[in-house]
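Have a look at these structures, which come just after this line.
Note that chain A is present in both complexes that follow, paired respectively with chain B and with chain C.
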Partner chain A sequence: MADELLSAPHVLEYDYRRSLGEVLSRFFTGLRDRKILGVKTNAGRVLVPPSEYDPESGDATSDDWVEVGPGGVVKSWAWVNEPLGRHLLDHPFAFALIQLDGADTALTHAVDAGSEASMRTGMRVTARFADDTIGAIGDIVAFVPEEGS
Partner chain B sequence: MSDKEPVKSIITPTRTEYTYTPGPSAQRSLRALARGKLVGEICPSCNQVYYPPSGACARCGVATRDEVEVADKGTVTTYAIVRVPSENIDLELPYCTAHILLDGADIPFFGLIQECEWDAVRIGMRVEAVWKPESEWGLNAENIRYFRPTGEPDVPFEQFKEHL
Partner chain C sequence: MRDVAIASFAQTKYVRNQVELTEVDMIIPVIGDAISRSGIPKSEIGFYCHGSSDYMAGQSFAFVGAVDALGAFPPIAESHVEMDGAWALYEAWVKIQCGEVDSALVFGFGRASMGKLRETMNLQLDPYTLGPLGIDSISLAALQARALIDAGKTSERQMAEIAIRNRRVAKDNPNAQVTGDFEVEKLLAEPTIVSPLRKHDCPPISDGISAVVLAAGNHIGRGESKPVFIRGIDHRLDSHQLGGRDLTRSPSTKLAGERAGVHDGPVEFAELHAPFSHQEVILREALGLGDEVVINPSGGALAANPMMTAGLTRIGEAATHIAAGKAGRGVAHATSGPCLQQNLICVLEGE
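And now, the complex of A and B:
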């Protein structure tokens, strides 16, 4: 008789601690305070999430920070029927690019819309913050459809 | 503004979960290991002995079939003293990891070295396996707890420089 085929679980896992630098430090510190912050480029565009450099000119961004949101517009999205363990939500949701009010770029986050049928490009959403914030992207639990829209 | 310290870092976790199924050679070798034997395979073309066996010769690209038993004793070809903790590795720091060229094999095997001062570990040092009690043997590499020095004279680098 042939031996039974062997198999075993194999988990590959790394928890990296990423140093943020001044710009993202300010963004995540803002999240801890329940504020979404963007940085202005020299041309006056507001980048959210902020970056050290203006992707259009390559110049360093300014020291001019603005608070944006918490509402915004879904620019694009993809529905996730079966969330994985490390996703922010444990039920179906949409990954979406969200352009927050006052921002010129879009932030990737989750939209907790209940069903795929409730999702559409151009819909208005607003940030739902966690009860306890720690300075991480999960401080925004998800974006939810804005009431009355 | 918050009067707390600014957030200076974030944790970015990555995790993948596999079900690992060893190929036929690795399966045979694991079953032998569960009986306390180190069974590799020999290349029919260049006669290199592989332990652990992968089923093919990396040098010739041909399948290996014939089994060859190798010794649980060998020579350290390189090593590292690990002083950085890792969440899923349950070893006291520091510890020593080594590549060990088992007698009869042509490629080194990975093992831990213990029962030795860290500054005494050296390339060319002779070591032998310390096994778990037979009642605890299973289908995994942990049957060998670690390797320890045998006290035999060191092997000159020239003798294993082709087996790194």
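And now, the complex of A and C:
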């Protein structure tokens, strides 16, 4: 009996997947297909990024989805002179709140504008998608100033 | 409502990088000081609650280590919030209101110096739409500052003046970290870190601890200093989506202030937890504080910003101000989350 050792395999890893839920799954599946989707609240406001509830009323949002953007307006911005390691871009850029055409709220993302002098509140920008999209916020590499604006 | 008083307050001097002591080493003398000055024997403290973040230590369940500092034998009633110590105080206040205990030791601690704070603060964000952008604490605050400037509610000059005032006042605070006299033109000539924020608009990175003892019933009045009563306390939050709210306003602060009864009496002073200079403007407006209200007698978070206890320190500093007879009634505020997302208001009054 003494030499009869019990053994079992043990693998140390996070071998599970996390669901994004109904609303964010739809948003990120849209991004994978190079579409930016917003969801309507019962009051008719279009939330981008979408959420399962209306932050103003606490009510569930509707099943009414609309495609917004890819262009939009910069509502506020912050110029990053020295990007940190986890930033999406490795050269100076702006973080910005971008209200996409057709949306009533603003999406936080990066604007690749070249220089701080090129940035202003109210400027128009448009989404630049990655060559390979995977269904994540980084599928938009950055927003860039819209041509002719 | 039961009368609940702040019986004592203790804190460390805040420093950029505390490398000589472990968290437990840092906590023991501060809570010992708070308990001793409360006049309540340790054996009679009914409840312990603290605020800290495992992300500061970079280790899951790091907060449990703090229990080593409490001496948890015989067994004690203890709780923890992964928030600023001000919310630990709220939990203890609720427990006292429920009649379960008549006293509590509350503390908060953080050693932000152990990691890259700007990047650590990213981990508090929505992990789907915000976190992966790598957006850091200073960039988040800068988005808010720009919106406030665009709205005509502040200017880079006014922001510099706010930083100057806080750090000048902080010269009288022996525990403050960044103090002195600064000139507005020199500050405005400095480069931005994340435009429009310059270094002076941002809080220092601070290591430190603060602790408060709450007393009710027969415990009130046992301490070295006069009891200071919590007349109202409330906390509220706004949407985690920055673009889903107006960053130039703080509806959660306004509501918490109304529920805590800020204007049920005269507001002589306020200790505002505004880590970034422009946030003081937003908080003053939300709380309806006019020019006659003295802001931050301690120097505020621009003079020292110990993560996870800078809010509790505002409450402790406000209580100390009243207990010393420098004012009769004041407001303390604590914040958490990006761009003043969550806010706690505590109205304090002397006897």
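Definition applied: the second predicted complex is superposed on the first by the 130 of 149 C-alpha atoms of A that agree within 3 Å, B and C clash if a C-alpha of one lies under 4 Å from a C-alpha of the other, contacts with A are read in each partner's own complex, and residues count from 1 in each chain.
Criterion: contacts are C-beta pairs under 8 Å (C-beta built on N, C-alpha and C of every residue); 3 or more make two chains touch, one makes a residue touch a chain.
Keep in mind it's a predicted model, so treat the numbers as computed, not measured.
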Inquiry  = Between chain B and chain C, whom does A:135 touch in the aligned arrangement: first, second, both, or neither?
reply    = first
Inquiry  = Looking at A:109, would you say it contacts chain B, chain C, both, or neither? Reply first, second, both or neither.
reply    = second
Key: First (chain B), second (chain C), both or neither touched by A:28   = both
Touching partner for A:76 - first (chain B), second (chain C), both, neither = second
Query = Just chain B (first), just chain C (second), both, or neither: which does A:20 touch?
reply = both
Inquiry  = Counting contacts the way the document defines them, which residues of chain A are shared by the two interfaces, the one with chain B and the one with chain C?
reply    = 20, 28, 85-86, 136-137
Request  = Give every residue of chain C touching chain A within the complex, in rising order.
outcome  = 116, 118-119, 122, 128-130, 132-136, 139-140, 142-147, 150, 191-197, 238-239, 241-245, 247
Message = Please output the residues of chain A touching chain B within their complex, sorted ascending.
response = 3, 5-20, 25-26, 28-29, 31-33, 85-86, 135-137
Inquiry  = Help me check something: in the complex, which residues belonging to chain A touch chain C?
reply    = 20, 24, 28, 47-49, 51, 55, 75-81, 84-88, 95-99, 105-110, 116, 121, 136-138
Ask   = Within the complex, which stretch of chain B touches chain A?
value = 1-2, 4, 6-22, 27, 30-31, 87-88, 139-140
